[in-house]
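As structure tokens, here come the structures.
Paired with chain B in one complex and with chain C in the other, chain A is shared by the two complexes that follow.
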Partner chain A sequence: MTATESAKPTTAQTNGQTNGQSNGTHQIGRSVTRIDALEKVTGRAQYAADLFLPGMCYGVFKRSPHAHARIVSIDTSEAEKMPGVVAVITAMTLSKDMASVVEEEMHATRKVVSLFPNIGEKVKYEGAKVAAVAAVSREIAFEASERIKVEYEVLPPVTDVREAIKEGASQINEDSQPADALPDGPFAGHPIYNVAGQNHRAEGDVEAGFKAADRIFEDTYVIPRAHQTYIEPQTTVADCAPDGKVNVWTSTQGHFATRSNLANSLRIPASRINVHGMTIGGGFGAKFGGIVDTYCVLLAMKAHRPVKIVYTRAEEFLDARPAPGAVITVKTGVKNDGTIVARQAWALWDTGSGSGGCYATSRVKGVYKIEHFKLDAYDVNTNKPAPGAYRAPGAPQATFAGEAQINRIAHELRIDPVELRLRNMREGEQIAFKETLSAVAERAGWAQRTKGAHEGWGVAVGEWTNGAGPAGALVSVHEDGKARVFYGLMDITGTDTAMAQIAAEVLGIKYEDVTVSRGDTDSAPFGTASGGSVVTFSYGNAVKRAAEDARDRILELAAEHLEASVEDLEVSDGKVTVKGNPEASVTLAQLGQMSLRSRNGPIVGRGSFSSEPSATTIAAQIARVKLDPETGQLRLLGAYGSLDVGKSINPMACEGQMEGGLVQGFSWGMMEQMQWREDGRNWNPGLLDYRVPTSLDFPDLETVMVEQPTKNGPFGVKGIGEPPIAPGIAVISSAIADATGVWINEAPFTPERVLAAIKSKAS
Partner chain B sequence: MRDFEYHAPKTLDEAVALLERYGTSAKLLAGGTDLVIMLNDHMVAPEHVIDVKGIPELSRFEWNPERGLTIGAAVPFRKLEISPEVQQHYPGVYEAASEVGSWQIRNQATPAGNLCTASPACEIGPIMYALDAQLQVTGPRGQRTIPIQEFITGVRRTALQPDELVIEIQVPPPGARAASHYIKLKERQKMDIAFVGVAASVELEPGDGVIRDARIALGAVAPTPIRAPAAEAALRGRPLSDDILEQVGRVAAESAQPIMDVRASVAYRKEMVSVLTRRAVRQAATLAAQR
Partner chain C sequence: MRTLIELTVNGQPYPIDVEGRTRLLDALREKCFLTGAKEGCSTGDCGACTVLLDGQPVTSCLVLASSAAGKEITTIEGVSAGEVLHPVQQAFMSAGGLQCGICTPGMILTSIALLNENRNPTRDQIRFGLQGNLCRCTGYGKIVDAVEVAAKDMATRENGHHMEVKTEPDTNPAMAGPAQADATGGQAPGEKGR
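On to the complex of A and B.
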């Protein structure tokens, strides 16, 4: 089926699919082995930390031990005296025009914050950078950082957004003006302090909508901050040549984004910066630069030697860019038949010392036809690190609020929660909300579900629309008849494999006969960063166009050789054949050789893509849980997910996205939370007490793909990396409610919270 | 990690001589699963690290019906976990050993090393208290035997002198109708730290279900693992029943002095002591009745 045909979506169960063999024609829709599998499992893939340059030094940060304090003095003299120390930088050592860092993040506004606080300025969270040291060994650098003396005037911290908005709370960003009081909602009537951003939206007339409703529900949901916990910490190596050329090897989701950040921050031309995107060990939205790379370049410039910085896991928790937390109140008016007539939300997003959260509040509306909708949302400063993107940024938080309440409404109205959703879901071209929810319900046996003692079932959906961004690609066919793809794509999910499949499909060759190379920013055509589920959609179009361009050259050469017209030729199985005359054919290898002597030279196809709209997809998920009524411990008995992928290029990779997102979402509901003490210090800065699940915490996951093509995606592709994380918290909360009869509105649902809920029901 | 000198003595005498020479500037290395993390995090910065894994006596791992179980200081948890003798005679030790870290960690980490680290949450502590284990240690002043309850003296503190090392843990043989059990409360199925740990060792009178003796030990609810003597007394001479278990759990919870931390509140931990004590005693008694 082609992308432009309107078609009924199809579903496919992906579990255990072993469709790894080429059928000789189609290279897309095959679960091929990842193109980078061997280099990764054999340890040959080069991550940034694997790089060792001659004379390389190590960078370490001096960090604030206080959550909120004013810098009185900084004395680096003892550190500078230490043998082996090659550079010390603070706010005072940087020239004014270089002392800023641009943190460019996906889905958030571009922010400019200073690299270090100067004397008289503030540190706004524990672990904030005050200085950086480079030395010939990591140990000397650490020792030197300990010898930097910083005097602080300690200020009272604020860690809870509900306290931070009150008059009299510590003002974290001193230039922030209080926002006007709201007329309604949980924090009405008072100016709102520590506001870092706002989002207001109104459709229809919610007052009228609530008047028309039979029942009105209002609930407040609390979601903690979560860390992306990518396995590879933030890492950069930088080297500055005497001619001013800056080379940066870094763990990034977008090396062009890193280049522009560095150019803006350091006020040096992009042409003097070459960023090498190394193999990445996970990013999930947190690796767009600014956290270590800028500092690393500054240290290398000052030291005149290469410098490496590798974050520790503790530094990840203290001073990276975890997801924002949120406190969201949702009010929904419904008819007795379950029709949703009005919905209103008020949200406070915990964005630490930065901003970027409240924009996601509109996802409370979800995938439903709601005539009257209104939201008032704020980013609120607290003494915590600024937020970054985390897989479908803001969606898990807002979806928890919206979907948990849908489940409670269904329960109160005695309507099945799947049925209630089907009654209210939007329909339209290129979308398959109902089909996707029905697919997972069928897979899980929802209609026939039974439960034992202390068991419960939960369901929720989450929506997402992939973004798109500019990307260029080259596809060349060499004298061996095999193809090479060249571009600037940072592969974070297996997309190099998908691109090889797309090129192979267009060229009529096998996936195995395509290699893929990523260039650094000096060599590759521009490519957008890998975030926002843009990659397969955007680069897929670029690679498809480049491969089509190469195919045009192949056909031109073949037409000349076979003395046929291009319209009469077909390309498949590595050769070009005259239609209806299999004897008249020429292989791609022969054409590749001929091209070298041809008038127009070697076969090089070019493809570029800028941006086109995609269509909304949803992830629908179901969980079955069992609770220990005496301890509150939760055991997942079943986990099911479905997703509208548009068109699957590689079913195994799609399955991986469905599973990975589901696990991260469920885990945010089950155990993940960053915690802070009353004095503002991070309470669990490590993987001992910031729990992420192991495979033993999950049953075998069961997933179903739905394929409702989008017009603009290559072959109908929708971007699918992010949506499967969205429903998770709500799925778990409703499964617990089904087991206990109690709705727990604060995530995660720890054993202690679950037990308290069980006991509240009993008493 | 700061630089240090690495020593790998081949005999106990060599190890003792090194300890005598370097004392407080040295750290002992067995599995290294605690020490290496502390080195990396700059929690300790020894000038000398003495690796004891090459000393043959420290790899002794023996079961004997008269003397019980001997666990050399360099024996890793995994050996306990897969030992048929441990599974048969000390089911609580099997449970505790299999709850430590991951499979890889258990191949490396040692029970003796864990006891020397003396974390309040360690899995092996409560079961060793419940089994009345003792530690054989040696140093320049000769060998001595320290009962487990005197060995751990506080949070990350032991009775071991800076110039001493543990040779082995000795666990007495269980009685004819005795068995043990250990339960760890955690949030994650594996690779989690104990929010609360409870170990119970129960011996039944011959021929019936009356409890002759019981030892109950609690973990992660005090600076060290602790026994719950009042709960033990409540069990002695009585047959097991729901009422008795209810009472035993309640009394055990009263022995606990937990703190509130990032993992759990005081009230939750106390309540879990009660729940886990009931479950551990019931399971130990059930296993004892089958012997």
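On to the complex of A and C.
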């Protein structure tokens, strides 16, 4: 295992390698320039909104102004009469079997929700879709949507999960049955209402564990909903040909996932749908389809013309799939020497009108050996949009609860929080928890840390195991000796680049001599969606196998040509050479040409991967903060992150993931929160009021990569996109506690909350 | 009420018809088919729609198209000269200053304006100058790196060590074809912003 420190702030050093003379055998571990960088810096990359088709119309939605209401009537006649309007759809215009939308996500079960509420049915959050209109211009479509008249019977809303579980609270999903009362915990003794999902788990015997403990800690943590805030809003263009073929150009993390969602929602065979995955302007878990694409296709079907829908930023906040909020109570029993003996958690996840949150509660246990563990967790309906995945879904929330309390325990027991973690961490094959934590502690100078007035240090770790999914790839070698990778991967984080590096490594050519192309769903082999940190692990295996298959063909051709046996050959620097005889060689270009006339034809390697388990990884992070005692304003003086990446294919891209994820995690603790008023209206549906970090909010980040390879990953790769977001909230809360002596258990730690904490300490 | 106006974008004239309320962003994207400027919010908060107006960065979602007539407009499509990239573009590529790329055109244009004002900015000055451009992917560090690298590169060139920056050595032409005349508008890129 090795640890590599990023050379900050002189990233240029790594880039030196980019322009250098690479030798054919070290394509892995090079910080090469992203394969798509040129089209992105020149403005040529095509995002879904950049597409203009002949005859294209624009779709907009009619939305509910109420958070909770029953639809009494919908009148679309005025809208339909407007010149320029080409299609209006509501629940009434859709056939029964097209009345629902299916959303598939990496971490939630498949969700089926009704496309629009019908007369007598309910809207369950402000901004819920009631109808959609397509017209020849956006202005006409908007005007028409305004002319749709909807009559509502307004119902009382509920926005706080702690209220929603009580008897007598507004019942949001009418078919939901109350859950049985729990024997213990913060909401014991009463049935639990508005339940949309449950998760219960027990290991060992927590009661016995707590009895054996010297000290018991119990705290309740509150985490708000956060929006992924990709800068490119949800966007789709759809067109339906007269023969029934549906073409969809969309901003998606997985065009095959989008295709299957559409096929299931529209009840048409997948073979009749071709999804073109456009360059994606950020997704972070929220772009798996279902939010606009289904509606866009239905409008296009009805209009017999292409239709484009681009969400506005306000629509993003009102009606997309943000991360669920949560209220999590954690009880932990420890020995005086810091050994954790038992842990129990009770959680209410704010899943709005949908479900999908409580499954993540097990992350409260963290990376520790804990003999006795128990959890009872619920998805609770409120009058808010259904939740979706956001980078390591559920982990930042549950990790905040688990890790903030670990820090409080360390503080109370007067044990260093890094030391307390090292004492309790799990160990095992392919796991490098301790090394990863130690690496960041060393980088930050944790052991020698000092602090000035109103300054504090915080530390936390977050665990994650990447998913894996089916992926296919083709690698062909052309007559010029260069290789092409073809597959159905949606690149967000730079994975096309990593795949080119993997193919180059196997074929003994330079990364620069590999091109990558993504097929639409009609042409590409199946590929799993880019979410769950699956890509480099899964497609990496597929591409590696495809490249190896191509290499076998190359060796076979070369053996014939050089009259040598395959075992005596080696491939590097773009040629095949007989070992020990550099004179006897043939270039890949020559072999590419020969292959065309050969018995078996052109060189095409195939590789497929289904699913194999990965090993778990952690991100460990440290922050140094300074508080303004007058305003409560928090300033980051230092931010440090380490991550066990398994094996780094492209160190610059790994750093990019570590930095981007760390910033998202920290900022959830510092500033991000979606807010709803008591009447159920969204309070901050815009970027002015929902704050995400600007370039001024963070200092230069320092990152350290640890490499503890996993057996099943290509070259030892672990999935790394998600874990860096996990520890952030806990890191910040602990740094504030270190500075103020007060543990703030409700995120984000806004100036108001920090100021209140400082004042409470003073009084 | 529709009126005919002429926009000068990247040195080329674009006669287009607009309504009084047509935003510069829509005129560029939907009339000139220059889609490099992106729409992230429409309220002036994200900076994805940034273009240069007489060399100054503006959020084109808040500018009326008619008010931009008679001014020099530079979009990302006009930043490189043929296959020769602007040093800022080059630096965003080599320093890893982009991931999803949706903020990149705005970031690059703002950075160019920043470097035109201050050839040798500190990291804090770069952060200050970029505060109106949101990036959700990178955490900003590598973007600041990129602007620093570009500043050094520009200084080297001005000191007489002029080097042609070719796109060829570290890119994959087939995936990301060389920057060339803008295909949608059919116009050759101008020299603006260099």
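Observations, loosely collected:
Methods note: the second predicted complex is superposed on the first by the 740 of 763 C-alpha atoms of A that agree within 3 Å, B and C clash if a C-alpha of one lies under 4 Å from a C-alpha of the other, contacts with A are read in each partner's own complex, and residues count from 1 in each chain.
Note that in this section a residue touches a chain if its C-beta (ideal position, glycine included) is under 8 Å from a C-beta of that chain, and two chains touch if they have at least 3 such contacts.
If you're wondering where the values come from, they're calculated on a predicted model, not measured in any experiment.
With both structures placed on the common chain, the touch criterion links A:Val514 to chain C but leaves chain B unconnected.
In the superposition on chain A, A:Val310 makes contact with chain C only, while chain B stays out of contact range. In the superposed model, A:Trp683 makes contact with chain B only, not with chain C. Between chain B and chain C, C contacts the larger number of chain A residues. Look at A:Glu207: by the touch rule set out above, it reaches neither chain B nor chain C. When the two structures are aligned on the shared chain, A:Ala653 is found in touch with chain C, with no touch to chain B. In the superposition on chain A, A:Leu696 makes contact with both chain B and chain C. Once chain A of one complex is fitted onto chain A of the other, the partner contacts of A:Glu630 are limited to chain B, with no touch recorded for chain C.
Once the two complexes are laid over each other on the shared chain, residue contacts for A:Ala49 go to chain C alone; chain B is not touched. When the two complexes are overlaid on their common chain A, residue A:Asp496 makes contact with chain C while staying clear of chain B. Touching of chain A by both chain B and chain C, each in its own complex, is seen for residues 688, 693-694, 696.
The part of chain C that touches chain A in the complex is made up of residues 29-30, 33-43, 45-46, 48, 75-77, 79-80, 85, 89-90, 92-96, 98-105, 108, 123, 126-128, 130-145, 148-149, 167, 169-179. Interface residues of chain A facing chain C in the complex, by the touch rule stated above, are 8-12, 15, 18-19, 31-47, 49-50, 52, 228-233, 279-282, 284, 310, 312-313, 484, 492-494, 496, 500, 512, 514-517, 652-653, 655-656, 659-660, 662-664, 686-688, 692-696, 698, 700-701. For chain B in complex with chain A, the residues that touch the partner chain are 1-3, 41-42, 185, 187-193, 195, 262-265, 268, 271-272, 275.
Of all the residues in chain A, the ones that touch chain B in their complex are 139, 142, 314, 630-631, 633, 671, 675, 683-684, 688-689, 691, 693-694, 696-697, 750-752, 755.
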